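Shared between the two complexes below is subunit A, which has subunit B as its partner in the first and subunit C in the second.
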Partner chain A sequence: MGEPILECRDLRVTFRKGNRLIKAVDGVSFGVEPGECYGLVGGSGCGKSTLARLVTRLRDADSGTVWLEGRDVTGVTGRGLRAFYRKVQMVFQDPVASFDPRKKIGQSIAEVLRNFGLAERTALRAAINGALEMVGLSPEHGERLPGQVSGGQCQRAALARAVAVRPRLLICDEVTSALDVSVQAQIVSLLRRLQGELNMAIIFISHDLSLVRCFTTRLGVMLDGKIVETGPAAEVVSTPKHEHTKLLLSSLFPVPRSAPGP
Partner chain B sequence: MPMTQGLLTIDDIRVSSARHEIVKGVSLSIGQGEIYGLAGESGCGKSTLLKSVTRLLPPGLRVVGGGLAFDGIDLLALPPEGMRRLRGRRLTFVSQNAVEALNDSRTVGAHFLETMRSHGRIGRKEALRQAAELMASLDLSDPGRILASYPFELSGGMNQRVLIALAMVMKPDLILADEPTSALDAAVQAQVVAEMMGLRERYRAAILIVSHNLGVLAHMAETIGVMYAGLLVERGPKGLVLGLPGHPYTRALIAAVPDLDGNMRDSVQGSPPSPGEVFPGCPFAPRCPEALAACAGTPPALRQVGDGHWAACHAA
Partner chain C sequence: MARDKVRTRFLVFSALSVAIFAGALLGPFIVPNDPLKADFQMVNQPPSARFPFGTDKLGRCLFSRVVCGARVTIFSSLALVGVIFVFGTAVGVASSYAGGRFDTVCMRVTDIVLAFPDMVLAIAVAGFLGGGLTNAIITLACVSWTKYARLARSQVLALRDQAFIEAARLAGNTGPQIIFRHIMPNAMGPLIVTAALDIGVMMIGVAGLSFLGLGVRPPTPEWGAMLNEGRTYFQQYPGTIFFPGVAIFISIMVFNLFGDSLRDLLAPRQPGETAKEMP
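Right after this comes the complex of A and B.
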């Protein structure tokens, strides 16, 4: 394998609440290859979103380093950070909060495009509409405030804004949790296409093990701030080694399958 | 369509924004102790339907037709003060957006005290004890820490469970739960589902649950309804709706569920009608693999396709 697009080395963050210490990320090391889709699963509160925030430089780690394309980006600021976000984009678990509530969705997408010089002034409208259409939304949705679209529409708008930058690495924190399974399938098709077209790597955080199994190639299982199991997604799901992975897999509610339609 | 008098009766409800109709005449009825599951396409109007029942529609959306009755009370005629007393105690709501529903400048403990003390006489210490006990049952392992925390100090799934606990703590008659387990891992989800069903066993609480997780609906609900483009296009006993779906959209939805062997089908192409688009026939016809000539002409009404099982499809 060549040089990883991303590498994390021994990342740690501890929160203090009253007399409790919460080791949210407790010595995590992993790497992601260019164009790879890496899945991250684990119990609620195990540290996935916090880890994503460390990787995307939204929070400083207590210790450890983050490397992008072989360069240490742990302390980058200013221009370096801007260059970093040209390559690394993230879709947050809470999409509504990731938009400015007073700005129309289309305006927020326009800002990102302008920021990175990705669309000429005259082509801006077309670029915004193109981004919205990619995720199954219409230009009309761009004219609304984030509070005036449905949960799943806002989630898709956040994805549209992130992929409009055409990043090398996209971090998706529960990006399909508000989508019905048919729209989810369309979004996964879109991500697969972008992965191929842009050689974009993806870190895919999700509670849906079947979805992670279908979509990712490698997968890490987190528990209490640590990655406790890692391997090819198909293997981890079919022959889990760690007790926590086994517990997650055995807790799924099956969907009774119907006879195929006429 | 016959309508039994239930705990909650939604009768041909219509909700509009300034520009378009969003919920286009939905009827459903839930009896005491019943669990009703609602699925449907992202953006089809599920949250709007629930918010119309709790009278929590955002500015810009309003009920323009139909009726809502809860235990004989006409919800649409109830003055705001009466609605406030009902909501939070007898009828509670779990919002799809936990972060929006919780106040970031107040601790979780303060949220519980407000809910419990505005709806009943209870001491501070006893209220917090009950809240802690309930949260522990939802797999929140350190309730003391959670009670002292602000929402921004908790994970997505932790906040979601706080919201569920707030909706359960007054032992309501009806919980309207909008995607209550979307941020939970499978193990915690199973625990939360068991606790919600326990509330039904112990107190005959009814639950209207919206979920994209068909497995959760299959496990919890007796009745499943499927919405598409502002309409209820199918409803019936869960075994029939999931086992012998009458509507092509329901079939497509079930086909798109990914499985643990790595199979996943992109089963419906195209998009739902855009907001405000008027169509003379069935709203699903342009994407339907089974569409007939009639489908483009007249909208199909719900008709019986099995025992208690109804679908709005010309081909059914």
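Right after this comes the complex of A and C.
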């Protein structure tokens, strides 16, 4: 294995809920190789999304470090943070909510291009259209507000905005769960194509093991803030070691064999 | 459809508000008499061709004084709303954005100011600063900025954790860029509506302080001060109170209805709203 593009070491976050302390992320360490697709699966509340926000520096960890291409980026702010986002981007679960409701989709994409100095003012329109085209949208979609396109189109636009900076790593946090099944498949195949074209690594976070296993090279299974099992996707699926992985696998079938009758 | 009705209402009340502003602005150029000129031959006259609203106890033209008084009352209220809007919003946004101890201090100060009855505190501050229009505005600003601070703070807190703000951070925006490009435009709606509704409230404040002798100094015409001047002669010459009173009443009503219609216009549209309201 080569040098990981991103590495997390012993990340921890604790929330306070009433009098109880909840360890949302409890000593998580993992690395992502350049160009690979790493899957993170787990039930709701297991800390997947919190982990995603630690990795993208949207929130600070109580302890632990995040390393990008061998550099510690745990404490970066300002300019350093912008340089970090030049290489690491993220797509969110709810596509419509991830766009400023007052701005046209094209304007939101333009903002990214401008902030990272990726397009001259005169070439901005062409760059926006290029980004939209890349995800299978037309320039006309850029003229609409996020609420005026379908969920699938909006998620495509969110992808366009994220890959417009040509990141080295894309984090997909439940990107398909707000969409219906046929659209899910389209988004996943689009992600695959983009990964190949742009040669970027992906962290694909989902509760849906069937989706993750057909798409990722390695995966980690999360439970209660810890990664309880990790390994090549095929191996984890064929010979699960941890009880929770077995449970997730068994829930793939519509009716588990051991389920009691009605 | 209902949306069109809302828009029409808004247009009507904006037009009326603009008409009042225009009247206040142009008033001094179109009045028939000098509002400051006393004429003791013409004391407490009933309405006539020369004095459309009659005269007051010093023989000054009431009509001219009401029209010229609009300028002081309305524009000082507008200036006041502008000041508290900017100051209160800045405090609220800074407080919620900085968080921590600064936030706590700001909010406790706001709580303390909110704990006093507005007018009582205003009278106390005005008594301390002395009379005069500028002091009246400072006084009212001191006690009225708090609701903008509170509102702006809650707006920012509600927006801060939304996905599109996180997306804006990923898009390479710095903190101030996020505030000015994404948070403020989305937080402005309720603040602007509050400001529009506050014009009337501030007019009452300015007129109220002047009525108590803590605002505009005589002989400057101002509606609240005119009410006070006419008070003693009210029973014999009701015009001295009636005309400035009606002027206050009408302009506050117009500004409040303007604020209401603005609120309706900016209210978020429900998806499928048009379909529901089809007959």
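Structure notes:
The rule is simple: the second predicted complex is superposed on the first by the 232 of 262 C-alpha atoms of A that agree within 3 Å, B and C clash if a C-alpha of one lies under 4 Å from a C-alpha of the other, contacts with A are read in each partner's own complex, and residues count from 1 in each chain.
The rule is short, and it goes like this: a residue touches a chain if its C-beta (ideal position, glycine included) is under 8 Å from a C-beta of that chain, and two chains touch if they have at least 3 such contacts.
Just so we're clear, the structure is a prediction, and the values are computed from it rather than from any experiment.
Of the two partner chains, neither subunit B nor subunit C is touched by A:Val221. Looking at the shared chain after the overlay, A:Thr56 reaches subunit C, while subunit B stays out of its contact range. One of subunit B and subunit C touches more residues of subunit A, and that partner is B.
In the superposed pair of complexes, A:Asp94 makes contact with subunit B and with subunit C alike.
In the superposition on chain A, contact of A:Arg161 is made with subunit C only, not with subunit B.
In the superposition on chain A, contact of A:Gly151 is made with subunit B only, not with subunit C.
In the superposition on chain A, A:Tyr85 makes contact with subunit C only, not with subunit B. In the superposition on chain A, the residues of subunit A contacted by subunit B and by subunit C overlap at 93-94, 97, 147.
Partner subunit B is touched in their complex by these residues of subunit A: 15, 17-18, 20, 22, 41-45, 49, 93-94, 96-97, 136, 138, 140-141, 147-153, 156, 174, 177-186, 188-189, 207-211, 213-215, 234, 237-238, 247-249, 251-262. Within the complex formed with subunit A, the subunit B residues making contact are 17, 39-43, 47-48, 58, 60, 96-97, 99-100, 139, 142, 145, 148-149, 153-158, 161, 179, 182-190, 193, 212-216, 218-219, 239, 242-245, 248, 251-268, 271, 274-276, 289-290. Of all residues in subunit A, only 53, 56, 58, 78, 82, 85-86, 89-90, 92-94, 97-102, 108, 111-112, 115-116, 147, 158, 161-162, 165 touch subunit C in the complex they form.
Across the interface of their complex, subunit A is touched by residues 162-164, 166-174, 177, 181-182, 185-186, 271 of subunit C.
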